[in-house]
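What follows is a structure written as C-alpha cells; I'll ask about it next.
Per-chain numbering from 1; labels A, B, C and D assigned in written order.
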Amino acid sequence: MSDHSPTTPPDGPRNGPPVSGREFDVLFDEVRTWGRWADAGRGAWNRVTAGHVRTAVSLVRSGTVVALGRPWDTVPGPDNAKPALHFMSDLGDVEAPEPSAHKDFIGADYHGKAVSHLDAPAHIAYRGRLYGGGAARELVGAGGARFGDVAALGPLVTRGVLLDLPAVLGTEWLEPGRAVHAADVLAAEEALGVTVGEGDAVLLRVGRFRRRRELGAWDPGEACAGFHVGAVPLLAGRGVALLGSDGDSDVRPSPVEGVHSPVHALALAAMGVPLLDNLDLEALSAACAEAGRYAFLLVVAPLNIPGGTGSPVGPVAVL
Amino acid sequence: MSDHSPTTPPDGPRNGPPVSGREFDVLFDEVRTWGRWADAGRGAWNRVTAGHVRTAVSLVRSGTVVALGRPWDTVPGPDNAKPALHFMSDLGDVEAPEPSAHKDFIGADYHGKAVSHLDAPAHIAYRGRLYGGGAARELVGAGGARFGDVAALGPLVTRGVLLDLPAVLGTEWLEPGRAVHAADVLAAEEALGVTVGEGDAVLLRVGRFRRRRELGAWDPGEACAGFHVGAVPLLAGRGVALLGSDGDSDVRPSPVEGVHSPVHALALAAMGVPLLDNLDLEALSAACAEAGRYAFLLVVAPLNIPGGTGSPVGPVAVL
Amino acid sequence: MSDHSPTTPPDGPRNGPPVSGREFDVLFDEVRTWGRWADAGRGAWNRVTAGHVRTAVSLVRSGTVVALGRPWDTVPGPDNAKPALHFMSDLGDVEAPEPSAHKDFIGADYHGKAVSHLDAPAHIAYRGRLYGGGAARELVGAGGARFGDVAALGPLVTRGVLLDLPAVLGTEWLEPGRAVHAADVLAAEEALGVTVGEGDAVLLRVGRFRRRRELGAWDPGEACAGFHVGAVPLLAGRGVALLGSDGDSDVRPSPVEGVHSPVHALALAAMGVPLLDNLDLEALSAACAEAGRYAFLLVVAPLNIPGGTGSPVGPVAVL
Amino acid sequence: MSDHSPTTPPDGPRNGPPVSGREFDVLFDEVRTWGRWADAGRGAWNRVTAGHVRTAVSLVRSGTVVALGRPWDTVPGPDNAKPALHFMSDLGDVEAPEPSAHKDFIGADYHGKAVSHLDAPAHIAYRGRLYGGGAARELVGAGGARFGDVAALGPLVTRGVLLDLPAVLGTEWLEPGRAVHAADVLAAEEALGVTVGEGDAVLLRVGRFRRRRELGAWDPGEACAGFHVGAVPLLAGRGVALLGSDGDSDVRPSPVEGVHSPVHALALAAMGVPLLDNLDLEALSAACAEAGRYAFLLVVAPLNIPGGTGSPVGPVAVL
C-alpha cells in the first residue's frame, strides 16, 4: 500500500511545532479583539468598510467569474460523514399541470468536511465563551444562536487574496498534515505579488481537491494541510476579515495540546473572523495563474438564517 | 372587514387583460430562444459576457452592500405552506470539547412563496418541454434534472436594475393582483432614469414585504402583483438575463386561460431566463432612493447543487 | 359566525376548576413515583409484567385489528404547525434497473398536534427535573436524552381500555375545552363495563377527529378536551402504564396557573407514564361499540431511537 | 487479512445455482397471484383473516415481548450509506417554560441496509409492473404511490415463524453470500419443530448482526446471506403473508442474471408479499431457543404514510 493511499492519509510529518495549552491561551489573548466593535456580532467584518468594497470592486480586470462552491455532496465517504440531502418534491405531477413544475428539497448538517460553508462567530466557543466573551450556554440554544449568527453577519464584499501554496512550492498539493506557517505566508506574498491587508479575505489553497481527484477521498479530520496557530498573529496583525480554505484552515492533526481546532478557536472566538471551509479552489488557482494576479473581488452571500451558526455558500471571485 | 385584510387579499382588480391559451402559445413562440446558445443549459445567462461583468462592476459608487434574501422562515403561514427547517445538531455537547462547536441542520422545499430562491431553467416545463425543447419526462427524474439545473447555471454577476413600481407610482405597494404592463416598465425607466439592457437582471419591486409588515401575511398564490405576460416581449427584446421580484414575477391570479404561472413559463421555458422569487427589496428600494440610482452591481451565488432545479439564495446588490 | 367555527374554537367553558401553582405542586408530589423501579427510565411500563401481557392477549375474541395512527400529515394547518415531510428519493430511475425500486424519505418534528406519537419520559421536565429527579439540563442535550428515551422504553403490549366519553355522554364529541374529571372516568367505567387497572393503557376519546371532519381543523393548543389534573390521582391510584388520546390528554386551555401542560407534567415527570398523542380513535370507537367491549389487546411499537424523546407510532388494538 | 475481514466480505461461495433471466421469468409467473384479491393493494396480507389473528394470539405462553427493530442509525458506514437523521428541535428553551419540553426531529431515506423497515408492494416493480400488473410509471410519482402503499397495508397481526438458520446449522451466522434453499427451509422446520403455513410471517435469521458485532460492518449489498429464488415456490405454496430477515431476504450477490434483487421482485411484485428488512433477530433467537418454540405472535405496526412505499418499523414478537 503506497503512502498516497486515499484511505490511509500519511501522518502529518510537519504539523508542528507542538504548542502547549498554556501557550495557546497566551496566543488567544494576544489576538483577541473582544470589545473592539459596537456591532460585535459581525466581528471582523466590521473591518470591511464601504471604502474596502470600492477597492475590491476596482480590482476587476477581465470580468472572469469563478465559483468556489463544491458540488452538494449526497454520497457518504471518508470526508462526508453527514451526506447532504437532495430529493425531488415535485416532478410535474404533484401540482396543477401547466406549466409543470419540478421542485426539490435540500437539507444539510453542513458543518463538517464536505459542504462549502461559512462559519459564523457563533459556531465556536473556547472555554465556554463566544467571540466577545458571552457565555455560549446562555447565547446558543435549541432555537439557534442569539449572538454571532449568520443573519447578523450578512453578506461580504471585499478583496480576496489567494495564497496558492502548491503554486508557490511547485507541488500539486500540500501533503495532509503539512502546517502552513507565517514564513509560508510571507513567501507566498512575495512569490504571488500580493500583500494581505486590512479587511481582506485570505483564501488558503492546499490543493485538497486536486489530491482527492487523483488519489481518492480521505478523512481530513485525520490529516489535512492548514495553518499552524503560529501563523495567526501575522494574519491578525494584517487585519484580515475572513479566512477560507479548501481544507478548513486548521492543520490536522492539531499541534495544540487539548485543542482540536485551534485556528477555528482563534479566528472565530478570539478574533471574530469567520471562516470558509471546503472551498473548491482549483478553478480559482488556474484563473489567478492565467491572470498573473492573486487579488480579486470576492463576494460571500450566505443564506439569511436567523440563529444559524453559518450557512452553505457558493462564494464568487471576480478577476 | 377592511379591504386591506391580511388574510383576505382583495380580488386582483387589474390582473388583466385576459389572455387565451392560443394567444399565450403565440406569445411563447414569439419570445422563444431555443437553439440560440451552445451552452443551452445556462439559457439567458449566456448573455452576460465578461464585458457585462466589467460594466456591472463599474457601476459601484458608494460601496454600499445590500442583502436581498429574506430570513429563513420556519413558521407556517398563509405564505409559507412548507416551512423551512432549522435544527441545532450540536450545542457544544456532542463532539470533543475544546473548542466547543455549535452546528445546525437546515432544510427546505424551497420553491414556494417564503424562501428567497433562484429558479433554474429546469424548474418549469411548458407542454412537457423544458427550455431548449427537451422532454421534461426524460430530463428530470427522482435524481434531479439532467438539463438546466442550477449547477449548470453557476453564479451570476451582472448589472441589476430595480423597477421600483411603488416608488414610481407614489404608493406604499402595489395591491395584490395588480398587473405590471409594458407601459409600467417604460414609465419606471423614465421615472427612475434607467434603461433595461442586454444581460441585465431586472428586479421588480411590488412592495410585498412592506405590505406584509403592515397588514400581515396573505397567500400570494391567490393574489400578488407581478408582470402581465404582455410585458414580457418588451423584456425579451431588451435581452434580459434574469427576472427577480419580491413576489415571483407573475401577477396572480393568472390572466392566462389554463396557465397558472405564465411568466414563469415564458421566462424559464421559452427564454431560458432564470427567476429570483421572494426577494426582500425594501432595503434596496431605500438605498436606491437615497443614491438616486436604480442600476447597480448584482451578484447571485446559488448553491452548487447538481440536478437542482434552483437554490435558496441571498443575492447581493452593491451600489 | 357559529360557535362551531373550525378556526375559532369555543372558549373552554368547563376546563376548570382553576388550580393554583401551589396546589399543582402538592398534586405532583402526591402522584410521584420517583425511585420506585430499578429500571427507572421505563417508568410506569415497569408495571406491565409478563402476566399483564398474557392477560391482555387473552382479551382477544374476534381477531379484529384496528389501527390507531393518523395519516402522516404533510399539509400545514391550524393543527399542523410543523408539517411532516415525505419525498420520493427514487422513482425507479436512480438505481439499477431490474427490478426498479421506489423509495422515499420521511421526516417529522413529530411532537405537536398532528402526528400520532408516543411521548417518552424524557419529553417533559417539571421545574428542571425529569422523571426520577435527574436534572434535565444534564440528561438531555443536542445528542438526545440519556435517560427516559424511547429506546429505553421499547415496545408495550398490554391491556387497552377505551374511555369513549362521547359514547358515554351521547354526543358526537366533547367540545374543545371540556375537562374530563374523575367522575367522568368513573361514569365511563360504569357505562362501558370496564374498570381501569394496574398496567393498563387508558385511551381517552374526546372525538377530536370526528369534530375535525365535520367542522374543520382548529388549533387544539388553544382549546381541546382532555383530562383535568384532578382526574390524575384516580388514574395514578389505578396504576396505569400509559395514557393516550385523540387529543393529547391535557384539557386546554390549562386550568393550572403557570403550567401549560399539567397532565403531561404529572404523567411523564411525576409518574413516568408515557403518553400517546393525536391518535385516531374513530375506528376503535366503532369497533368497541360493535363488540360491546371496551378492553382489548394494545400494542405500541415505537421506533428504536436512542436518545429520542418519543417516536411517531401506529398503535394497534386487537379485539 | 483474514477471510472474516469486516470490510472485505468473502465472495459468496454458495449464492448459486445461477438462474437465467428466462428461468426467472418462468418462476415469476409461477408464483404470481395477480388478480386474486379484491383489495389488491394489501397483497398477501389478505391471507391473514381474523381467524389467523386469533390463532396467532393463542400462541402466547410466557408473555415475553421481544423488539425486532435496530437502533436508528445516524452514523454512516459500509452498511449505512444514507444515515438516518435525529436532531433536537427543543431542549426546553424554545417554547413556554413549565413544564419544559424536549422535542426531536427524525428523518430517514429508510430503504437500504440500515433501518429496520417494511417494504410495501409499491416499493418494487418488475419489468415496469407493480403487484397486480399496473404500470409503475402511472401509479408512482413524486407525490408517492397510488397503489400498494403502506397506508393501504395497515398493520399486521399474525403468526410469526423464526427460521433460525445458524441455530439449525450450529454456526454463529451464515457467511455473507450463502444462499438459503428450499431444503434449508424444510430442514429448519424439522429441526425447530415448526411448519410454515397460510398467513404466516416467515422471519429468516442469518445472524447478520451477530457477525457485525464480532467482525464489524460490511456492505450487505455486496454479500449477504438470504433466500435463493429457488426457495420461493415452497414459501409461495405455503401461503406466506410476510417475509422478514436480518438481511433483506435476498442472497447477494444475486444469482439471477440481470436481476439485482430477485426475491424482492418475486415477493413484492409477483406475490404481493411485503418484506421486513434489517431486523435485529438476535434477541428473538435467544428467546425462541430458551422457550423451545419458534412460532409466536408477531405485530408489525407501520407508520400510516399515504403514498409511502414502506415505513420504518419496530416489529414486536410475543412468545
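Note that contacts are C-beta pairs under 8 Å (C-beta built on N, C-alpha and C of every residue); 3 or more make two chains touch, one makes a residue touch a chain.
Everything quoted here is computed from the prediction, not taken from an experiment.
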Common touching chains of chain D and chain B: A, C
Quick one: compare the interface residues of chain A with those of chain B and tell me same or different, with half as the dividing line. same
Chain pair, A-D or A-C, that carries the greater number of C-beta contacts: A-D
Rounded to the nearest Å, the gap separating the Cα centres of chain A and chain B is 29
Distance between the centres, which are taken as Cα means, of chain D and chain A, whole angstrom: 44
Could you tell me the distance, in whole angstrom, between the mean C-alpha positions of chain A and chain C? 47
Multi-chain contacts in chain B, i.e. residues touching at least two other chains, fall at 85, 87-92, 105, 107, 109, 141-143
Please output the residues of chain D touching chain C within their complex, sorted ascending. 49-54, 57, 60-65, 67, 69-72, 85-92, 96, 98-111, 116, 122-128, 136-137, 140-145, 151, 154-155, 157, 258-262, 264-265, 268-269, 297, 299-316, 318
Complex contact set, residues of chain D against chain A: 75-76, 80-83, 85, 87-94, 107, 109, 141-143
Across the complex, what residues on chain B touch chain D? 85, 87-89, 91, 105, 142
